[in-house]
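Both of the next two complexes hold chain A, though its partner changes from chain B to chain C.
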Partner chain A sequence: MTDTAFVESIIKILFVVVIVAAAYIISTRNLLSLVSVYALQSLTLVGIALCLYLIQGNPVLLAIAIITFGSKVLVIPYFIATIQEKIRIKRDLEFHYLNPTTTLLLSMALMLVVYIALSRIIPPASTATPGLFFFGAVIGISLMLMGMMVTFSRKRAITKVMGFLSMENGVLIFGMFVTELPFIIEFLIVIDLIILVLLTTILSVGIDSTLEEFHNRLHRFYLWEEKEELP
Partner chain B sequence: MILIAFVLATAIAIAAIALSHTNRNMNAVSIAHGLVFGAITLAALLASPIPINSFIVGSQFFYIDHLAIYEMLITIIIFTLSAIYAGGYVESLIASGELEKGSLRLFYAAWSLLFLIVVLAFCSDNLALFWIFAEMTTIISAMLIAVLSAKENIDAAIKYIFIASTAMLFSFVGFIFLFQVSRSTIPEGTLNWTVLIQHASAFPAGMMVASFALVFIGFAAKSGIFPFNTWLPEAHAKAPSAVSALLSGVLLNVGIYAIIRMLALVHQTAAIAIVSPFLMLFGILTIAIAAFSMLPQRNLKKLIAFSSIENMGILLVGLAIATPIALFWVIFHIMAHAFTKASLFLSAGILHRQYHSKFSGDAPDEIRDVFRLQPLAAWGTILGGLAIIGMPLFPIFFSKLFILLQLGTVSLWLLLAVLVLLFIAAAAIGYFVITSFTQVSPKDAPAEIEQYMTPLSMKIPVIVLIAMILVLGIFFTSGEIGFINQIVMELRF
Partner chain C sequence: MNADFVIYAVINTLLVIAVAPFIVSLIKKVKAWTQGRRGPSVFQTYATLLKLLRKEVIYSPSSSRIMRVAPYVNIGSVLVASLFVPLVFVPEPVGGIGNIILFLYLLALARFFMALAGLDAGSSFGGMGSSREMSISAVIEPTTIIVFAALAFVFKTLNIFSMFSITSASGTPVTPTLILLGISLFIILVVETSRIPVDNPETHLELTMIHEGMILEQSGKNLALMELSSGIKLTLLMALLINLVMPFGLVTTLTVAGILIAIALFAVKGIVLGGIIGLFESSTAKMRFFRLPSLFAMAFFFSALTIIIEVFA
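Right after this comes the complex of A and B.
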């Protein structure tokens, strides 16, 4: 087997990449680069899964890496990019409750809280190589919470989708490091995720769209009728 | 065998929907779909004793015990009756241009798929598999809400998806925790409920609390429990009424079902002492938030939606008490609430067609001359309203009474608080009915409102449901009691 210490330090570097990507997703206003950063984050996940495979030699991890690459690095980013071109929005300037700086500070605080909370819940003896695996669990949960902040603080539905996807990456990291689930479950989750992304992006075309035709269609329904009757 | 029959029947139904062109044909298919599911379940019930252990069922992924059968029967009854109702309702939606003809196939196909997935969810033994099915129900029911393609419907659907799915990810982390917990006694680890319940008493309490809390977040969001209740009134009020009946009568049960299963595991350990007050707190907060939101509500469907939240709160309070008697009545309340709420939404749907766009959104209802124009829907709403606030002769009276009596043994102050809140909720429904149903236009005024001719297919489900809740409230058969007792026993309370 390869040198475990070397692989572990590579995983640690990849963790940093994941967190930096998450910080970028939280703070950016540029929608076009958001998708590429998400793809990069997913690619990092593939890297982590491969490194873990080198340490543990569990074929499920290899399968996870392949599925993640196919769905989250290729299919989903491509699909979202196509949709973005259609609805012609390049920027998301509106934030609900938090602006980017506060969000970043808050996410740092969150990571600290997660670290303390998890160190109480997970007894160190329960995992094989405690340091790395505990660290992975912390990163996973923090990534989830950061993604959740994106989902709740952004206004555009398409940015919310990115937040959700980033949350899901967090769950995947947590799952990889804390325990190994049966492969079929991982596979079904990916299918579920793809359906979810397809549906939300299609629906968000309706919400985010600046296209005239969509609004014209809405006028046919009773919601707008009263206004039309007035003059 | 039974699962293959379900999947096959659904595949045939969806194929038939894809081939047919008119609303009438597609509707006939979905009614037949419901009847076939009912027949399959009854045949399986007669052919083998519960828990059913035939091919595939009884494998490591699927398992059908009394609770599963019970939830499946409720699901099948509500889906079939709503399908009958949908025929006339969808016809009218198309006539008024709210539903495009092109969306018809999507609507009925999603309907059939949702039916299959809810039933499969109740059959799953593996909790992760259950999670996936529950997540799919969110996606498909959001499609049924967004099918009207008005902007406010899409808004409601997106809100529903984001709140429910985001919270459900926490549930999944909870299940990963549970898997890790199970490895303390079973080396290879498992998420199969039947195995877990046998070993649950050996699980460490601290980890069980963490796992339950995470799982609770997700399924609380799914069943509209405070603080994740914000999507529910929007989604239930804006969906087509036939779909609202499903959302309230069936999909809320999916969330509560998971909480019950998880609580049964926690109940085996010392963790129940920590989890119980936590559930009680959320239950009472949920009832409170719903009761106070109902009071100023002038929109019938939203009022009914908030009442669903209130009932979910009552269920949580019942679960928090965690005695066998309380659990018995919680199980009974699930059925009573499902049927009553379905009948209320179906009645509200008739009123919605009569008074049209005026209350599709947040606008208050302008109901006039309701007894002249829609006598059946008016009486349906009144009887349903009496049933939901727990008047004697209706089944909810018994479940509320016994849950409250059990609550009294825990704390009299909590009992008093819940009683006041339930009274506020009842007053809100009463106030709405009295103020809006007594609006009569002057005798000599020209009739401005054209009467909506309610088709028979929309009247029958309302009558059947009300007859069912009356029968449920008056007759307690020993079979019914025995069945629910079986459920309580299988949950090891």
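Right after this comes the complex of A and C.
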């Protein structure tokens, strides 16, 4: 095996990157950078999975890394970026209930609560490298909760989806470090996500339209570029 | 007080005064490059300061004694604060020198007198600048305290000298906590020195100005002292960030060669960080005043996270 301590310190740094990205996703108002930050977060997860593979040598982790890279770094961000380009929303200025500052402070409190709760459930001395795995569990659940807060503090559907996606990243981290989800479930979750992103466009613009009508409806709502140029 | 410390005090103070104008104009140069201009020379600030030092001082008829002492209090407290942050050479700490809380409040003293001087001249711009500066500093204060508390927690000491000796002894430790602290310190640096997302250091006429509004009534050598002290403040906070996150080259024993190498390395790191600040400023727009707390909350979040990681993990 490679130098475990070194790989562990890299994983810890990657955790920090994940948290920084999550904080950015929570507080930004700029939708264009939101997608690239989400892609960065997912890329970090790929890095974490690869590092974990170096420690544990479990081929499932390699598969998770590949599938995450394909779906969450390439396909989903590309798709959302395309949608954004089409519907021309660049900023999300509206927030329900909580503004970004409060959300940040709340998510900090959440992390603390998660930590205290988990330290009672998982005895930190049970696994081989306890500190790291415990840390991973805390980060995973906190990321889930932070994603949840994004989902219910934003108004626009597309930002809600970003919250949901980063929530799923939390599940993935938790799964990698604590419970070892079966690979098939991981795979199904990813397929779900892609379908979710596809559905969002339909749901957010025309919940009662058919797919054939959908394009016309985009025109009617002035969401398509050519329509705006007409007098 | 031993001989090492006296030498340290002389070297550090001279170096800070010499480097501060360079860093100020370096950031201006980087910003000019990103905008496609050639920009002023990197030695322009020295020339400006020298020119101002030769000019006559004019006081507003309604100004009081505050206006006359404020620049000296300002430069005095900032220079004392500069003793607290070793740039290239870390001696044994003497007395209370190096205490991070005292460092913070020396900077606060300078800011207090600057705000008073802004109010003193009776101009409405100065009053607005002072009021804004004080509201911002009231909001940033808890964040700064938490960031410095996190620093103290990570290094298990309140003394900046001891922190620097720990980092320089352990080489280049890129740990998660240091990354988080680096981000928080960077935000503190931007806020404390009134740089772009918070204030625009280049305008004198916009209603957004904060720092420039306060020193609008200063002239001649008083203005030079004010400008120099804000440059020194920038240098000090940069040095704090540099020596905590990239400590290589910092010497703890007094040798001529070691100090020369350290100065050269510090110059390189300062240029890199100055470039980063310039690029950061060019890539963001000035924030609306009431949106600033979200920037502070970011720093608060990261440093509180640091404390959580340090306590529990």
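In this section, the second predicted complex is superposed on the first by the 202 of 231 C-alpha atoms of A that agree within 3 Å, B and C clash if a C-alpha of one lies under 4 Å from a C-alpha of the other, contacts with A are read in each partner's own complex, and residues count from 1 in each chain.
As a working rule, contacts are C-beta pairs under 8 Å (C-beta built on N, C-alpha and C of every residue); 3 or more make two chains touch, one makes a residue touch a chain.
What you see is a predicted model, and the numbers here were worked out from it, not measured in a lab.
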| item | value |
| --- | --- |
| Comparison of chain B and chain C by chain A residues contacted | B |
| Which superposed partner A:105 touches (first chain B, second chain C, both, neither) | second |
| First (chain B), second (chain C), both or neither touched by A:115 | second |
| Partner chain in contact with A:199 - chain B first, chain C second, else both or neither | first |
| Touched partner set for A:9, first chain B, second chain C, both or neither | second |
| Which of chain B and chain C A:85 touches, first, second, both or neither | neither |
| Which of chain B and chain C A:144 touches, first, second, both or neither | first |
| Overlapping contact positions on chain A, where the chain C interface meets the chain B interface | none |
| Residues on chain A engaged by chain C in the complex (per definition of touch) | 9, 12-13, 15-16, 19-20, 23, 27, 99-101, 104-105, 107-108, 111-112, 115, 119, 131, 134-135 |
| Chain C residues within the chain A interface of the complex | 174-176, 179-180, 183, 293-294, 297-298, 300-302, 304-305, 308-309, 312-313 |
| Residues of chain A touching chain B in the complex | 121, 126, 141, 144, 148, 151, 157, 160, 164, 167-168, 171, 174-175, 178-179, 181-182, 185, 188-189, 192, 195-196, 199-200, 203-204, 206-207, 217-218, 220-223, 225 |
| In the complex with chain A, residue positions of chain B that touch it | 96-98, 126, 128-129, 132, 135-136, 139, 142-143, 146, 148-152, 154-155, 157-158, 161-162, 165-166, 169-170, 172-173, 176-177, 179-180, 183-184, 189, 206-207, 210, 356-357, 360-361 |
